[in-house]
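In the two assemblies presented below, subunit A is common to both, partnered first by subunit B and then by subunit C.
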Partner chain A sequence: MDDQVQAKKKRKNNLLYSQKAAPYFFVLPFILSFVLFFAYPVVTTFIMSFQEVLPGKTSFIGLANYQELWNPTFLKAIRNSSVYTFFTLLILIPLPLVLAVFLNSKLMFAKNVFRSATFVPALTSVVVAGIIFRLIFGGQEEALLNSMLAPFGIEPRAWLNNASTSMFVLVVLATWKWMGINILYFLAGLQNIPKELYESAEVDGASTWRKFFHITMPLLKPISIYVFTISIYGGFSMFAESYMLYGSNRSPNNIGLTIVGYLYQKGIEQNNLGFGSAVGITLLVITLIITLIQLKFFGMFKKEEQ
Partner chain B sequence: MEPKPKRKKWKLSSILLLLLFIIISIFALFPLVAITLGSLKPSTEILRYGLNLKLQPDLLSFKNYSFIFTGDTDYFTWYKNSIIITVCSTLLCLLLTSMVGYGLAVYQFKLKNLIFGLVLIVMMIPVEIIMLPLYKLTMSLGLMDTLIGAFLPFVVAPIPIFFFRQYASGLPRDLLDAARVDGCTEVGIYFRVMMPLMAPAFSSMAILQALGSWNNFLWPLIVLRSSENLTLPIGLSTLLTPYGNNYDVLIAGSVMAIFPVLILYIFFQRYFIEGMTAGGVKG
Partner chain C sequence: MRKGLLTVLSLLLVLSVFLAGCNKKDSNAGYSNGGKGTKVELWTFNALHGKYYESMAKMWNEENPDDPISIKVNTYPYEDLHNKLLVALQSGKGAPDISDIEISKFGNFLKGEPQILPLDDVVDPERANIVPSRLDIYSKDGVIYGLPFHVGAGVIYYNKEILDKAGVNPDDIKTWDDYKKAGKVVLEKTGVPMTTLDVSDQWSFWSQVAQLEGKDDLLTVDKEPNLTDPDIVNVLKYEQDLVKEGIAIPAPGNYHHSEEYYGFMNKGGAASVWMPMWYMGRFTDYMPDLKGKIVIKPAPAWKEGDPRSSGMGGTGTVVTNQSEHPDLAKKFLAYAKLSKEGNIQIWKQLGFDPVRTDVWDSPELKETNKFTEYFGPNIFDTLLEVKDEIEGVNIGEKTPDVSNAIKTTVLFRTLVDMEDPEKVLKETQEQLK
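Right after this comes the complex of A and B.
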């Protein structure tokens, strides 16, 4: 008896049995990774953005990096990223939403087949997608798109050499790659809407349109906000798509240059870590502003922390 | 008389919907069909005419594939590197993030809310922003041009933590108490009792992490330098030159990069869909 109590006591004192110590053991991997691979880099990049970082010699140069940011190339990169984000939002939210509603409707056959088929592009890497689209949109007369347009009397063109057509190719690529996954998000949202709502609306004689605008749309708001958020983040940090379409970070007249492309060009290719950091901080500020606007309009965090 | 016109309408809109989705599925699948067809043509043909759907039986052959297997290329080294990185980063990620998620879900402790808040912050800041300082850090850790350096900084990823936390908060608490009475250590409880119960969450997150790792581009592009250390996407991207002298390996190699993923997708579709939409669960 005495032994047992003693053993229990011993156990209580042992670190392995402590319910106070255990949670810290479990979250330790995150704390280590957060400090080393997140907090430290964030602080370093902030400091570096005020420095000229040369091998073995680093000096503070105040706001010079930020002043230098005000140049036509960077403005072009911001413009490209913004236009790309705008068009991906314009297409990749309404279209998948409507398609998900269709796919969810009672009128639809073989739902799973189509759901699976539209999802397949999401499995391919941006690299492979870029290779495929570069070749489909090739400038040759016989390349897929040119040869498909020829019967309509449209002259073959070099799609990637012109600012507006190359943006078009980027947006088509994004639509191809992300459509299926966004459909899935909206389908998940639709499946959470209680069927009774539609049934009682039908009893009241509501039309399909009324049901869509008064039940479906409002109840899809949370998932739409989520898709909106990830699309904005994805849009402003787009890089690989453009890199692959042009085969490198260089495009004619920088028509494919994005903010991250500029960061890569300055920071990695030209090894100017200070200036590159200033580009990164600008990207951070852009995303923070968007997050704050969202916070104000949609109250996203309240949802998240429930 | 009433139901008849209604049924007709039903049929027509069903057919229209069906047509619409057939068109969309073609849009989704035909680029992959085009590149598969292209991989069977001589690379000079692709360089000269781009990718198209022209079927010229006399041109089709498996020569590009046999060149990958027998020719002088680093393709399979890249393939091997990609497999190593995918397997290691996935295993490590699952082990560590599931622990964190479980710890955040099951225990009450002082820093709990703070730590969860930090997870959310990591989730909300685009990783591209910290590429340059991470690059500097990786250099000073001596991990440049190593496979470990190509995945280590992102192994404890926020989305799996979020997902595991959510899953673990639904686990039965009485099992936890029963295991404690039986004299199990806290860590033992996790590995022996709770972890097996989280198996479905593990399969979804395994797919999310493995696919992300297999297709990852920017970070490996920065870290990996010499050809024998490249991953498959980075290696393929080096073949994309204006001269097109490597198009045989490029095209057939791209097809072979998608192939294993497609096969897995056919068998584990449910987990792919769950894993890749995991972020939206909470909405």
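Right after this comes the complex of A and C.
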């Protein structure tokens, strides 16, 4: 090879191995995807929420979209999403925590079988799960659940036609589907707790209960807060489960309508993207406020205050 | 050297990921006629419609050898098609030449400046032969944007076996009052409800409303929501009374297209159902046990002498403004949906009641097919009988909104939760304004 090529190669190598450029290079994919797929849409959505978006006729209409938001259907959607989030938090934090402790225990048999069994639902598509749940909770006498309850003298009922039973079905579906994921988080947290702590507690004669409440629980706090935060967002942004359970975005008397469902209905199904954007921004504000309150409550900001 | 090679290889790998996205497949793939002729892309939500267009393209090429067409049909799920098309038209990119749009979604595409082309020039030569209300539903400000598949005439399907058991003759049922009385007899003698009602879909309610004499419908002539119209309140009250007396029950599965309902009806669960003509296909495909037991009659009238049918549902096919060959697309579309040959094929292949009244008594419509085998040979006699009584509907930009309210809240609250129809309709009307 002649000198010129050598020099060229060197320059190229310098650029590739430059200490200054490397950090930027490595964060570039994240920055790019963040700007392209997150910041840009958020800003556009914000602008669109003040517009009436129609083909060839987009115009600014001030706060009209937000004023229209104050209607019974949207309030119902907010209520549905909040109730759903509340119940998923109530079940999907403590239950996986306890199960994770079991699965982590030395006394547990066939650990790996149970671990995979609880995780499999998370791999199932929501579409398939929704349809199966719809059939299980069907209204006819021959539907699975109704026929299982019949021997106990329980009247067959249309589970998905009633506000409280349909919420129950949604929470059951969420529990079945997301349990495995949360167990996984808690298991990771549990395995980070040093064994020595338990050993020294045992030397001091601590009971199993005391070990759980005074070692396991406090040391799992960071991971619990993480699970809590993503569960809040997951709850408020739920859409696919309800969509698949009812086979469309329409449920009787809107008992399964969620905030995102309403966004989809108005923005896409009824071609009113400006209004849909206003719903989206409202959802963002709601989750932001709740998450901030929650983080404050758990003392996540303490360090900064000191 | 090895490092350099690795760098090159990894760069290639990255590039290939990007390039894979732009990789163009064989440009003739999926097109009929081997890609010979002008290429036209078509979207639909029903695979049967797709097959129909392909066969019509073949017929077109035989008749117009100097202007051949090569079509590519993409079939998407119902919601996907409409959402994709809306986004494509909104962003000005990616739309096909021709697309099917279902009637309750059509209003979305008329908002703002319609991004679909006026079709009056191809409709004009055939206008006199076509049921006019079926063109009006796809129009805005007097301009036609979509072509219909069928009349969708509302009819009533009686289960003859059950009626015979109760000693009821369907031909004696002339008005909805008669229907109610007959329903009582059927319920008392056989213990089976006379009918079922959609509570999460609009057909039972909308067809009864559309049947009302006069120009107003769920929307007024000016395309504004019309739910507080006393006549409409009375229709809902009538349906609620049927449920109260046990003559009707909410359809199992909440609507007439659910698996639960098909099974229920197939076992002789109800004595009748009023649905449009195109519902015939659901009987032949999903309720095989009722073969030979179902008779099709004009729906009862609200008053004797009033209209006995209404044009229900439908698919408006449009040409988008992104088409590169709009003239050919329009001509082909008119050939497929408005020509005499096309209309005969619509019946033969799809089992729809065609929109050209002059083909209804043509011999091709009497030939045996799966529909005549199921319902008997005289299906079109019923249609000819009500030819001049098919009431139109008003379709406008508010239709998707109104239809959504009916499907989710209005019917469920009044027919399942038994709330007062007047109150519910008033509340809904206020929300829609």
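As a convention for this text, the second predicted complex is superposed on the first by the 259 of 306 C-alpha atoms of A that agree within 3 Å, B and C clash if a C-alpha of one lies under 4 Å from a C-alpha of the other, contacts with A are read in each partner's own complex, and residues count from 1 in each chain.
Just so it is clear, a contact is a pair of C-beta atoms (placed from the backbone, for glycine too) under 8 Å apart; a residue touches a chain by one contact, two chains touch by 3 or more.
Just so it is clear, the structure is predicted and the values come from calculations on it, not from any experiment.
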Partner chain(s) touched by A:Tyr226 [first = subunit B, second = subunit C, both, neither]: first
Partner chain(s) touched by A:Leu144 [first = subunit B, second = subunit C, both, neither]: first
Partner chain in contact with A:Tyr84 - subunit B first, subunit C second, else both or neither: neither
Touched partner set for A:Leu54, first subunit B, second subunit C, both or neither: second
First (subunit B), second (subunit C), both or neither touched by A:Asn71: second
First, second, both or neither for A:Arg250, with subunit B first and subunit C second: second
Subunit A residues touched by each partner, larger count belonging to subunit B or subunit C: B
First (subunit B), second (subunit C), both or neither touched by A:Asn161: second
Which of subunit B and subunit C A:Gln270 touches, first, second, both or neither: second
Doubly contacted residues of subunit A, that is, touched by subunit B and again by subunit C: 16, 138-140, 248, 268, 273
Residue numbers on subunit B that touch subunit A, as the complex places them: 10, 13-14, 17-18, 20-21, 24-25, 27-29, 31-32, 34-35, 38, 46, 48-54, 96-97, 99-100, 102-104, 106-109, 111-112, 115, 118-120, 122, 124-137, 152-156, 161, 183, 185-188, 190, 211, 214-215, 217-218, 222, 233-234, 236-237, 240-242, 250-251, 254, 257-258, 261-262, 265, 269, 272-273, 276-277, 279-283
In the complex, subunit A residues that touch subunit C: 9, 16, 53-57, 71-73, 138-140, 161, 248-254, 257, 265, 268-271, 273
Complex contact set, residues of subunit C against subunit A: 4, 7, 79, 82-83, 86-87, 89-90, 105, 108-109, 111-115, 199-200, 252-254, 260, 263-264, 400-401, 404, 407-409, 412-413, 416-417, 431
Subunit B-facing residues of subunit A, complex: 11, 16-27, 29-34, 36-38, 40-42, 44-45, 48, 99, 102-103, 105, 107-110, 114, 116-129, 131-136, 138-140, 142-144, 146-147, 176, 179-181, 184-185, 188-189, 222-223, 225-227, 230, 233, 236-237, 239-240, 243-244, 247-248, 260, 263-264, 267-268, 273, 276-277, 280-281, 283-284, 287, 291, 303-304, 306
